[in-house]
Amino acid sequence: MKTLLAFAMVAAATGAHAQTTVTLGGVADAALRQVSNDGRGTERSLVSGGNATSRLVFRGSEDLGGGLAASFWLEHGLALDTGSPAQAAQFWDRRSTLSLASKTLGELRAGRDFVPSYSNWSRYDPFGYVGVGSSSNLISASPVGPIKSAFGSNPNTVVRSSNAVQWLMPSGWGGLEGGLMVAAGEGGTAATGQHKVVGARLGYAGDSFGVSAAHTRSTNDLTGDQAFTDSAIGAQLNLGFARASAAWRRFEQDAAAQTNLLVGAWVPLGPGELKLSWTRAEMSGSAAGASIDGNGARQWALGYFYNLSKRSALYGTLSHLDNEGAHTLAVPGGISGMAGGGSSRGVEIGIRHTF
Amino acid sequence: MKTLLAFAMVAAATGAHAQTTVTLGGVADAALRQVSNDGRGTERSLVSGGNATSRLVFRGSEDLGGGLAASFWLEHGLALDTGSPAQAAQFWDRRSTLSLASKTLGELRAGRDFVPSYSNWSRYDPFGYVGVGSSSNLISASPVGPIKSAFGSNPNTVVRSSNAVQWLMPSGWGGLEGGLMVAAGEGGTAATGQHKVVGARLGYAGDSFGVSAAHTRSTNDLTGDQAFTDSAIGAQLNLGFARASAAWRRFEQDAAAQTNLLVGAWVPLGPGELKLSWTRAEMSGSAAGASIDGNGARQWALGYFYNLSKRSALYGTLSHLDNEGAHTLAVPGGISGMAGGGSSRGVEIGIRHTF
Amino acid sequence: MKTLLAFAMVAAATGAHAQTTVTLGGVADAALRQVSNDGRGTERSLVSGGNATSRLVFRGSEDLGGGLAASFWLEHGLALDTGSPAQAAQFWDRRSTLSLASKTLGELRAGRDFVPSYSNWSRYDPFGYVGVGSSSNLISASPVGPIKSAFGSNPNTVVRSSNAVQWLMPSGWGGLEGGLMVAAGEGGTAATGQHKVVGARLGYAGDSFGVSAAHTRSTNDLTGDQAFTDSAIGAQLNLGFARASAAWRRFEQDAAAQTNLLVGAWVPLGPGELKLSWTRAEMSGSAAGASIDGNGARQWALGYFYNLSKRSALYGTLSHLDNEGAHTLAVPGGISGMAGGGSSRGVEIGIRHTF
C-alpha cells in the first residue's frame, strides 16, 4: 500500500516538475475606444491592450543549487483585434532574455529588455504606458526633437534595447534596487535597429515610500558623438487612502531636448481603484536647424479599474490631450491630420484577462 | 496515511488546475496531392491541411462565479510542409479573441473571428472548406465578380473579420443558436484589411434536423455605398444511415453577384466515413463594366475518412471541377495558366493529427 | 482506502497524460562574441546560439496501439539577442513535421526537416554547426561555387528541405540507421525556395565506432539538368579517453565543386569537455564562366563546455579561419569587407539553457 502511494506521489510530483520547466502565460486585453481630434472628427475602434498590452509569455527557471538559477523569458506582443504581432519583424518584441541569477550577487541577463530609464518612468505612470491615458501619448518619434534626431523613424531605445547585457541587483540589499545595462552597437546602424547603449538605475523601495533615478545613453550613426541621453527621476508615496507618484524624464540629443513631467495617483474607491494622471512634455532648443521651443503637449487622464477576479478586470479610461506650438500629438486611434496645437480626446472601456 | 494520501491528491489536483490556465492544442495535417489542370498537365506536391488546416491554439478560461467566465483564444494557422505561417503578416490569423460569457445571457467576444455567413456555410461543407474537395475552390477573389469588386486582392471578409465585436447566443434557448457581429471600419481601407462589418446568424439545431440563416454586410473604400453582402441559408438532416446537407450562399456587390449552391453527405461506411459534395458557383450581372453572366464552376468531391484513434486519422479525397464561361478556377496545387472553361481534377491522401 | 488511492493515481496519471499531448521545450543560448577580421578591426557583440541555436519546440506523440504512433514536431528558431525569428518568413524554420511511425517498419515523416547529407555531416562537427567554431563558417552561398550556382542567394538545401517526405529506419536493425528523403519541386523555383530533392543516408552506430554515408541531389530552375549534389561520408571512434570524428562532404553543380574535410575531437577534461575541430573547404572547377580552383579556407577551433546542471552549461570557444585564393569567408559577427585571402579570428563565451 505504501508502495502504491509513493508511486502516486511521484507521478504527481513529476507532473508538477514538468510544468515548471516552461510556464506559459500572458495577457488578453481588448477595449472599445473612441477618439476625437480637433477638426478631424471622431473615430471608433476595437483596440488591443487598453490596460495592458496583449501578450504571450514563455518562461522558465532551473535551480542550479547554491542559490544560483538559470532562466529564460520570451515575450511576444500581439494585437488581439487583428491577430497580428505587435512588431512584424520582431516576434519576441517585448522581451527575449537568458539569465544566470544568484540570490546574493544579483542577476546577469542577456538579450532584449527594457532600458533602465524606461523602467524608471513607466512604474510611476498609473496607466502603465498603454491606452488612452498613457504617458506614451506624449513620447513619440514623430515631432521634430531629440527622439526623431537620434533615431528617425527607426527602432529607438526609449522603451527597450536589443543586444543588451544587464546586471540586476539582488533583492535584500536593504530595500535598494537597480541595475546596469550595456549594449554594443555591433557595427549596425539606426536603420538596422542597432544602437550602442549604456544605462543604470538605482532606487529605494520602502513600505510607504520609494524613489529612483536612471540614466540611459544611446549612440548610433545618426547621433554621431552627440549621444541621445534619457534621464529619469521618480518617487511614489503610499498615503494609505491612496498612492501618489511624481516623475521627471528628459531626452537630449545635440541641441534638442524634451522634458516630461508626470503626476499620478491610485485611489481605492468602492469595489475598484480610481487612477489619475497629468503628463506634460515640452521641447526646447533646436533640431534639424530650427528652434523647437514652445512645442509640447499636456494630458490628463482619469480611469477606473474593477477586478472581476484575480485574473480578470473591467476598466474605463478618459483622457484629454492639448498640444502646444506646432505639436500634433494625439490619443492613439483617432483620425490623423490634426492641425498644430489642437486637442485630442479619448475614452475607452475594456476587459483585461491575465492568464 | 490519510494525510499522505490527501497530499498526493492535492498535488495531482494542483497539476490539473495549472494546466487549465492555458490549454495548448492544434492540428498537424499533411497530404500528398496530385492536381491535373486541362492543357497544363499534372503537379504533385506535399500539402498542409488536406482535411483540416494545420494550426496551433492557445486558449484558456477563468470561472468568474455566478455563471460568468472570461476566456481567450489565440489560433495560428501554419503550412506544415514549409514551416511558414499561413498569413505572413498575421500570425494569429485564424482567431484572436477575448470573451466574457454568461451561461444565461450569452458571450461577448472581441477580436478576429469567423463572420456569421461563413460559419453558416462551412458547417454544411462535408470537406470543411479545406482540401481538394473544399467548396472554397469556387469562392475566390480571382475572377471578376462581387468579391474582387469589393476587396480587390486585399484581405476580405468572406471567411473572417478583424476588429469585430460579437454577441453569441447561449446554449439552452430551445435549440436556437446564433449571434451578431459588428466591426468598425476604423478609418482604414481595403488595402489595410479594415472593413466595416455588420452581420447576424440565427439557427435551430435539433437532434435530427438543423436549419440556419446568416447575413453579413461589409463596406470599405472600394465598395463605397454599394456594400458587399453575403447571405447564406443552409440545412442538414440526420437520416440515421447518413447525414445530408444543403446550402445556398450569395455574394452581391453593386451590379455583380455570385450564387453558390452546396449539397453534401456524410455516410458511415465500414470502419470510417464516406463524404460527398456537389458545389456550384454562378456569376451574374456585371462587374468592372462588363457582363459576368454565364461564368461559373461546378465541383463534385468524394472522400473517405478513417479514424486511427480519437486524435489521428487517415483520409483520401477526389475532386473534379468544371469551369463555365471565362472562369479559370482550379483545385489548389496545380499548374496555373489554364484556359477559360477548363477542368481541374485533384486527388490527395493524408494524415490528420489533432493534439 | 483503495478507492481513494486509485482516484489519486488516476488524477496523477491524467495530469501526466494531458502533458504529453503537447510538450514544450527549447534552447535559450546567448554569448558574448569578439571577431577580428584582417584589415577590418574587431567587433564585439551579444549573439544568440553560440553552442546551440535558440529555439522553441512544440511536439507531441500519440500511441495508436500495435507499435504505431502519430506525432508532430514544430520547431521555431529565434535570435535571443533581438527577439526576432531566425527566418522572417518561415517561423517554424527548423522543423515542421507530421509522422506516422511503426516500431518495426520505421517512420514516415512529412514536412520540413534536415536533408540526409546535412545530418551526416553536422553530427561529426564537435561544434554542432553553430558558433565561432562551426564548420558552417566554410559552407556558404556567398563565394562563387556550386552552392551559389545552384541556389543563388535563395533558400538552399544544404541544411534543410521543405515539402519533403521521408522514411526513417527503425531502431533495432542491428545498429543500422538511415533513411530516404524525397521532395517534389511543386512547380516552384529557387526564388520561391522550392527545390526537387532526392536523398538517402545509411549508417552503422556501434558502442565504440560509427560510420555513415549520405547523398542528396537537388534540382531547380537554376540548376537545370546539372543537379546540385551533396555527398557526405563520416566516421567516429570512441577511444575511451576521447571521442574522435572525421568527415568528408562534397558539393557539385555543373563544373563547380566544393570539397569539405572535418576532423573533430571531444575530450573529457576536468569538470567539463574539451572540443577541437579542424575544417577545410576547397573549390575546384569553374563557375559563372571562370575557374574557382585554389579558392577555399581552413579553420581550427578549440572550445570548452562546462555543465552547470543537466539543462544549463557555460561554454567558451576560440576559432581561427584562413582564406585561400579570392575567398573572403569569416567567423560570423565581424566587420564585413575583408580582402580576399584574409584571416578571421573569433572568441565567444556563453550560456546554454535547455528547457
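Things worth noting here:
Order as written gives the chain letters A, B and C; numbering starts at 1 within each chain.
One rule holds in what follows: a contact is a pair of C-beta atoms (placed from the backbone, for glycine too) under 8 Å apart; a residue touches a chain by one contact, two chains touch by 3 or more.
Just so it is clear, the model here is predicted, and its values are computed rather than measured.
Shown here, the protein chains touch in all possible pairs.
Both copies, subunit A and subunit C, contribute mostly unmatched positions to the interface they share, with under half of the numbers common to the two.
Measuring from the averaged C-alpha position of subunit A to that of subunit C gives a distance of 38 Å. Residues of subunit B found to touch two or more other chains are 1, 5, 8, 11-12, 15, 19, 24, 91. Taken in their complex, subunit A has these residues touching subunit B: 1, 5, 8-9, 11-13, 15-16, 19, 24-26, 28-30, 32, 43-46, 48, 56, 78-85, 88, 91, 308-309, 311-312, 333, 335, 351, 353, 355.
Those residues of subunit A that touch subunit C in the shared complex are 1, 4-5, 7-8, 11-12, 14-15, 18-19, 21-22, 24, 58, 60, 62, 64-65, 68, 70-72, 74, 89-98, 100, 110-112, 162-165, 183-184, 186-187, 193.
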